[in-house]
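Every chain is named by a letter (A, B, C and D) in the order it is written, and numbering of its residues begins at 1.
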């Protein structure tokens, strides 16, 4: 499925862009992330647990950042292998633009789910992907705008 | 008929073994257990197309109860991949299919690794912890995508996706279309279906290293075929393999094939020297059972002003899936879908081209009717379109064109079909009377004026039943198509019939027992049937293509004749008369002077214990074996006509079935109790195809409705009562005269719903080409027609 | 398709169940189990702890008092269906229940379980929203009441926190002369609906005095059609009104795009379904 | 279950069996050898696994094995012990209301509950009652007729 949404973030464009590249930001923003290791250059490894309605799945995944146009856009590509449950993969193309109230972050997400999870119905899967993306960028906005600073380093 | 009824044929007797099933005493594969039994759960490919880079099994092996995790490379050492390219099908190409993926996987759900454990639950625990490392490859799923010039290959060993190309009939039929009074044309799309047997596939395999014998219990239609398959793939002597099919919870063609996962289970047992069980669960059954029916077609029909069919020109493109199902291939459906177009009718010129396309989807295979439902649906809708163009009543249009028999001097139709002894006129007469066709037509007209859209649909069909060696031999398939009967007179005077025919609930065994009982004038309880076990039955086919009674019944009849002739000769010697003067009645020999005092038990005791009492000193054999395959015909054609009455709700798009009638000719009806509900069951599957059932894949080859809640099969609430009537034209091909009936319901059901829907939609100007006719599709067609106005 | 391993506890009191729910990171309540056990078999869920409340006394009561019908958390669909008192008090529920799955499922499945689960295609949440029911949620820290109209956020998303349990659904009894409106489109009897309408209207002196209608199954959560109600209130029922309101329903719904039908098709189906169930409720003759 | 045993009554017999995580269907079939209850989908749609739990028809695949501690379970193996079950079995045999027999136990358990509540169900009521039981072989018509026949037979012998 594909979907698109945007958020206005009360922070300058450069700050927003740098924020995305920080590993601790991924840690804080990926919904259900239990464990994130790695770096923006080499990619991140994560264990993610997600629940939508009757489905609760645990994925071992990798997140890479591609097509970086500093300050302007990048692609976040996440891929999770769920053992017998199947796989989940999402790519978010993030574009930043100046906005009177800070920065407009637009994201276009293309999500794919496969294997047993896909078999159980697109109804749930669409909800799954939508929820993941919305939560990610909502948390991202909160983290960047919030008084609470991003934790400098979590133990791996 | 009186004589026949007395002899057991034609009596609506309850089925042998029925009480056992009604009391929950069936014995299905999952009910079988062995000491030391291990269980398998498979890790299956999550992608439609991928390259397997590695398998991580460490975590899985830590799970309590997990004994082994076995991958495709390990199995490849002891087990050959299926190679399904019958030499007799020119231009056919399919990739070899290993029991487990070795490096390239070609459909979502293909088995990759076997987790073997003390329980199924532990095996599944382990399977969750096997992580697969993949490169995803481009997937090609729809028939259109597979056809595209630049389509990625479904399997990297091929450069394109064309698996079969064939033409039936003439190269050029354009002549017939020039100057025809009417030419009609339509496109068709048939949704991919699967059989959904209520009992999923399952297997217990035991390679015993002590005896070096492989014993297999499998929910299957053709144990003899499977004996050959397992022996061949594992490099064993067929004589060291025994395959038993216990009670089978529905098969419908789905359990006619050899499956990679089941072969893997057998190979795992061979590897570990332990008995293993693998029961396909419902989620797996959707992605890993054979699929069927996916096809697109276009057809043109030319008729003259009086409605005579001048020509048919059709193209059928079939979706084969990733591999050809072993060993019979996936081409049968496509071939019959094309070849059977127009079969019930005299057709001036005929051309049907068929192409089969590989796709990154589950392999397609045999499912009840094999292509014939598609051919029937195309034909019948074309007839309706032509009848509207020519302004001829659809029933009359059919009658005008019915094929009574082959034209003089020809051996086959232009499509190469040998169809004889048809009774379509008689079937139609009976049908129209039963449904009160004229009254329904007037009611339809009256209701149309009120905006109520009812449709009346007819579908005539010719079905190829009892398919024999004439089909498989020339294709180069090592499939026995004869059916055999080994009949034994036991010392106590009871009879044992070991038959190669198998029974998945059709009641064939019961009908054969009834037939045998009739031959000796005894009660069917006096005949013990043995079937479904290569260790105990004579070599032969099994169950497919509506063959049980037509072929197995004939073999039994012939065995009875031989046994009886021997016994009568013996009795004649004792009674000092001619054997021709004797006959069996209630197990007793009746002679010119009435009851002789000799009965089966007495003769059996004499032969077994006191052969010296025989006047000649000789006794006839107590066991005779007969095998039958129709010599003259590759198959026995049966025929019939279906009718549907339905109402379409043009606002909701829903279809409500109001009535269903069928008149079928399956020749001699041995047991109407079995035959009628067999027809109804087939019809309900046809209705399922027409209205509900479809395997929905996403563009990237993910199966998206793979649960029984999402893949919709017919339930009791929506099904109509179905009126069944018969015309009986015994076939001359056998002494028994029975034709097959197992698929007749499915072959005509789809077409009849299609024509009824088309008829109902006439006032709206809409036509639904894509099946199943879901509310969404019906509504889309109606809305498109409204927009066009 | 065998469930993963889990711990199982049979609670003997509500307090005990709520305490365990609070103490465990990952516990689920087992009432009817008709969705939960399927999810376990399918390995869609792998809870640490399953808390069985089936043996807690007193949770299976249906009580009518002070104009409210209270449904306890162990009241099965079949039990509610068999209750004459419930049928009188909640004609909408009586009309909707036969559409909930099949007899064997209704024998075990609970009405509160269905309400708490929040399947968008389920009938009971739609009825609860239409009838303005109150849902009582309990946790170790106490109870709170949430109007059903605020409870459903989206696809299976509700206001229930993980440590809370739905311990009662409280429905206002229908006033004398209230008429239920219910219709759904499902492929087969007992299937999850692809779209549906549930509601109730009430006439006073020949005019519509109360009107609540919910669209469900085609959207992530039950959708109370307040705009349609505004058009209906104060009007006298006739064929014209039924047609106008049906048109308003079709315009008010917001069906999700699905592979089976476009939103435009869904609106057309809604219009037809709405007109029919409005006419039924208004007791107008067939069109 | 302090000693980790599931104790319940199965077809009139007292049973104690080690606790297991699976569903009731598997417990009956694989731990207790009562294989008449069939597993068709394990997600509650097909009805092949229907048994009677504490007097009500229940999907055994949607019931945890541990849940039946203290319960009374009745399966197809015992259905013939009452008039209604026996009448249904007779009628199913006489009408040939099945082919492969895989759905039959669940179908009969479901029909028995219908007839215990409704002595004279119409065809539509019968179809509605069995609408949660999948039969893939028959056209359902013989099943409807068998249930109807059984109801009639029970009415005729009601006073015996």
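Everything that follows uses one rule, which is that a residue touches a chain if its C-beta (ideal position, glycine included) is under 8 Å from a C-beta of that chain, and two chains touch if they have at least 3 such contacts.
Listed by chain with UniProt protein names: A = Carbon monoxide dehydrogenase G protein, putative; B = Probable carbon monoxide dehydrogenase large chain; C = Probable carbon monoxide dehydrogenase medium chain; D = Oxidoreductase with iron-sulfur subunit.
Remember, predicted model here, so these are calculated numbers, not experimental data.
Centrality by Cα centroid goes to chain B. If you average the Cα atoms of chain C and of chain D, the two centres end up 29 Å apart.
For this pair, chain B with chain C, the centres built from the Cα atoms lie 43 Å apart. Between the CA-based centres of chain A and chain D the separation comes to 49 Å, rounded to the whole angstrom.
Put simply, the C-alpha centre of chain A and that of chain C have 34 angstrom between them. Shown for chain A are the residues that touch two or more other chains, namely 84-85, 116, 120, 122.
Multi-chain contact residues of chain D (touching two or more other chains): 21-22, 42-43, 128, 131-133. The multi-chain contact residues of chain C, meaning those touching 2 or more other chains, are 1-5, 38, 42-43, 188-190, 259.
The set of touching chain pairs reads A-B, A-C, B-C, B-D, C-D, using the touch definition from the header. Within the complex formed with chain B, the residues of chain A that make contact are 60, 81, 83-87, 112-116, 118-122. Here chain C touches chain B in the complex through residues 1-5, 42-43, 185, 187-192, 194, 259-262, 264-265, 268-269, 271-273, going by the rule given at the top. Contacts from chain D toward chain B in the complex involve residues 21-22, 29-30, 35-43, 45-46, 48, 75-77, 79-80, 89, 92-105, 108, 123, 126-128, 130-144.
On the chain C side of its complex with chain D, the touching residues are 1-6, 8, 10, 30, 33-34, 37-38, 40-42, 50, 52, 54-55, 78, 101-105, 107-108, 188-190.
Against chain C, in their complex, chain D makes its touches with residues 1, 21-23, 26, 42-44, 47, 50, 53, 56-59, 61-64, 66-67, 69-70, 110, 113-114, 128-129, 131-133.
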